[in-house]
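First up is the structure itself, then whatever we jot down about it.
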């Protein structure tokens, strides 16, 4: 096993671990009243954002969904500034004006989460259109879930990207539910990659909980996007490890599925990779986790101590409108 | 050849002939200033509306497009009242308030043409939803063209109808153009029936200029809709015999295609059926055409002589708003 | 003021809405409801709880996330004899369905020369509250208000909510019915007996003589609080809630203005181009000579809603702002 | 009034728009245009003729019929450094794209804490004319006017059209630019030299002292005709065209009102809830003591547009209606 493979596997696992624990800690902060508004955890889907973003580079772009913390972190966000945003603080990514559903980092090509299901997709197509006009070697990944795959914004976006041969990777995070609505109740064809085929995109379906599988396919599609062969679609099958949002116990999720995915957890799979492919020991992994956890705790401290925007500063914003 | 087959073929041909000549006469009226506003002729696509509507019964519903005269006539509209509407007269289908793009007959389950591309599709889905709630043996056919197959309304409508197993027949009139935009420029997958497959609908592609082929497939799908097996999609390949609207000479249409479809004209094919399958002579056909033409001329007379709505009557409408 | 009959029972706003749906579905089997998570889950605000059990999955069902598509399906069902009640989770999301509402539902009756009708109710929910940020906190009634062919209802109390929703369902034209996210848990008297509140009847929530305050939906409770404070300070405000903005009960408004000669309009929507502007223009055209001071509009700031809760409070009128504005109007001479 | 420099040349409104696009595309290679039939065909009203030839198919291209999708693509391109000019054939069709305009484009700058900008122009076309009926004849500016984060421009002359479109393209916020279907062939002076008209500057199309008439877009030529007739009857009207409704040049309006003390607002959009109501409410709040008579709004009827041409004329203000309304305002005392 080569050293760089080990580093790479460690970095994938670290990202997934950070997402998992960012969410769990943020949920605690929510329950304590530090965070308000909507909060949709990415728990259980960590492998997708991690695998895809690891195959992209900083000049590329992403657009995310209402369930956007994972993409943000996988893209390389600073934990401190992320927590600060979730807590509505002035030094957050959006100065506390955006919050969880609108977290973004335009300075680093993260075009943000979106509170309207599907609406990030045409925006991603537009970023790719700009790339194509400027004739640059960049690409865009856009995330959407099964529920969002039923809305016009997504469907029109698929067709536009294909008609215009744009460098877009459509990533469907098929977690099989839209809030409490089962995928079987929202479509007659539950293999969602087939929609891509209908519009002429090369499209695949894969295990979204295996970060290496996600990464392998994403990498190939992303390279091909940059060679002008895009767009592509990948349907990553996954499952929410929690309710739809922080206040939803998710009682409607069937026990068999919950149990199955408890064992088929992206972090367990990632750990297995570390042990089997990189030769790490359980102790090595605990060490990795400790470091990441310390970073998270420090970031929370930072965010809690940070100030909110003053009324005065806010009124300066208002003047510009 | 059985008598009822002959009658049936004659009625198909008569409908197609009426549509063709309705449009041609109406274009004359347009040039003379009797008709104003938008006018999109159905020339060259007569076999589709004719074949589909002949397989439906009066309790079923249709929704049409901006190119709606053919559907209206095939559904059985009165030529006099249709002309009156196009001329903006009070005894028209919509009292002269709707015009060509909004012609409809709600008393007879024709839910009308629509000026917004694609927007008739969800409406058709809703009519079918009502049928399904009432548990009736009715169905809905909805028409859309290649351009309209790229809009969210159509795509969401496909998925909804399939998810809800509704009795809808989606008819794509693929005339290969949206105004001057070639289908190759608006999608990467020009075989549009594949979109249906992506959403789990049984979908086929066929020659839209052969009224018998259209009718055969429509009939089977329509029956199956009424047996609860819907929805279905049929992509009828066809071509506009004219510009997009009455003032568009259509110079962008490639000569080879124009020439090919001149020979592959739905009326020529219909005539061939009459001669080969029903044993009619050219003279028989001229006789049929004469009768139809006389009806058209009388209808024009009627419409021209009909009065417009008075300002007084119009103001009564205004009061209700 | 519509009589509260011999009421005693208190219901929450959301319960009153639920009762209205239940009664109308019971009365007329053409009425059905659809929306996201409204069936088994009973809706985000529990308005549709228990309806699936009572009326079955043919008349109470969840939709995919295809707002434009399923709203259009509502229009099509309405055109063919059904009476759909379509729910859109947030008024912000109605921005996805305006073609079906504005170009289709609102136009059919007219375009067809009065042969088509679209008896559909579009229930949705708006307003600022709880840190939902810019895409889930808008007040967009002004958009619907401007479109001929749509009715527009925005109830502020459980009593009004029930009576108006029943009227909306029986209306033969499309009705946009906008609830407020902060009102669902508010309680108020709702009689056991059936009643209907016709669209187009304002309600005088409080009589007064010194100034007329016009407000609707989520602003009404705040205005009522402000009116109490004002009372203590010697200003007796009359509070008018139009309840339905289309049709608008101009008469009740104008009569009040003639009496008080001072007007304050309080709206949660941004000030610029809101419904308040239109009401102001009407008062001005129809009661100019009675006005002792300009009609004042206290509206939301012209800015999207911030996520931060303390800043959120700044963008919509609060009780203190209303008190201050009312004094300005009364003492402006 | 902005100087017409040393102009001599006459251009049509559509030619002036074409020149603005050409000049801006020449100046800045981030500017590109897309829409239905705008490339080879040059647009339904020939505004984009010749641009494909000059700038090539990467910067001038046709879109599929996916209004919501390609508008969103414009937003995404703008967010990432481009300057798209997106064309929507009819303002009626913008009802399909309001999520991208209202929930997305208008909000990003704010939601991102001022780190994102959306320098996009949305060109479209509205108004009544030529029997296009209810779904192709609306005037919907009031919807955009109400949304913080959007600019709104509605030019009435070739000169204004060119100077304002150039300003719109250079603006770092989303601009809704609404043309009028009956103005495209109108001619007017347009200088050869480059010029820009900043957003937010009203133009006094005619000075006068007896009453202020405020109008924009397609109503301006009609108001100018009416003003001539009024002049002959001894009424000297001042005609103000705000040109951009957001930002609105309140100062020019208020100053005129202070001078004339009488106001008529003429709008093509339906009367109820139009921009005129808001302007009226502003005048009222800011110049109440100067008003000699109520601000009158002459607007379109509250009804969709009929197909029949004779009836069509009845739904929007005509020259005679404007003359009549102006007299009512002036003689109302």
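We call the chains A, B, C and D, going by the order they appear; numbering starts again at 1 in every chain.
Everything below uses one rule, namely that a residue touches a chain if its C-beta (ideal position, glycine included) is under 8 Å from a C-beta of that chain, and two chains touch if they have at least 3 such contacts.
None of these values were measured; they are calculated from a predicted model.
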| item | value |
| --- | --- |
| Chain at maximum distance from subunit D, centres defined as averaged CA atoms | A |
| Whole-Å gap separating subunit A and subunit D, where each centre is the average of the chain's CA atoms | 41 |
| Gap in Å, rounded to a whole number, between the CA centres of subunit D and subunit C | 31 |
| Centre-of-Cα separation between subunit B and subunit A, whole angstrom | 46 |
| CA centroid of subunit B to CA centroid of subunit D, Å | 37 |
| Residues within subunit D bordering two or more other chains | 63-64, 66, 68-69, 92-93, 96, 99, 103, 110-111, 133-135, 148-149, 301-303, 306 |
| Where subunit A touches two or more other chains at once, by residue number | 94, 96-98, 102, 114-116, 150-153, 156, 159, 163, 185-187, 317, 321 |
| Overall pattern in which the protein chains touch one another (line/ring/star/complete/other) | complete |
| Of all residues in subunit B, those that touch subunit D in their complex | 36-38, 88, 94, 96-99, 101-102, 114-118, 147-148, 150-152, 178-181, 185-187, 252, 308-309, 311, 314-315, 317-318, 321 |
| In the complex with subunit B, residue positions of subunit D that touch it | 36-37, 40-41, 62-69, 92-93, 96, 130-136, 301-303, 306-311, 314 |
| Residues of subunit B touching subunit A in the complex | 150-153, 155-156, 159, 162-163, 165, 185-189, 194-201 |
| Of subunit A, residues touching subunit D in the complex | 61, 63, 92-98, 102, 104-107, 109, 111-112, 114-116, 119, 121-135, 152-153, 156-157, 159-160, 163, 317, 321 |
| Contact footprint of subunit B on subunit C as seen in their complex | 32, 58-59, 63-64, 66, 68-82, 84, 99-100, 103-104, 108, 110-116, 148-149 |
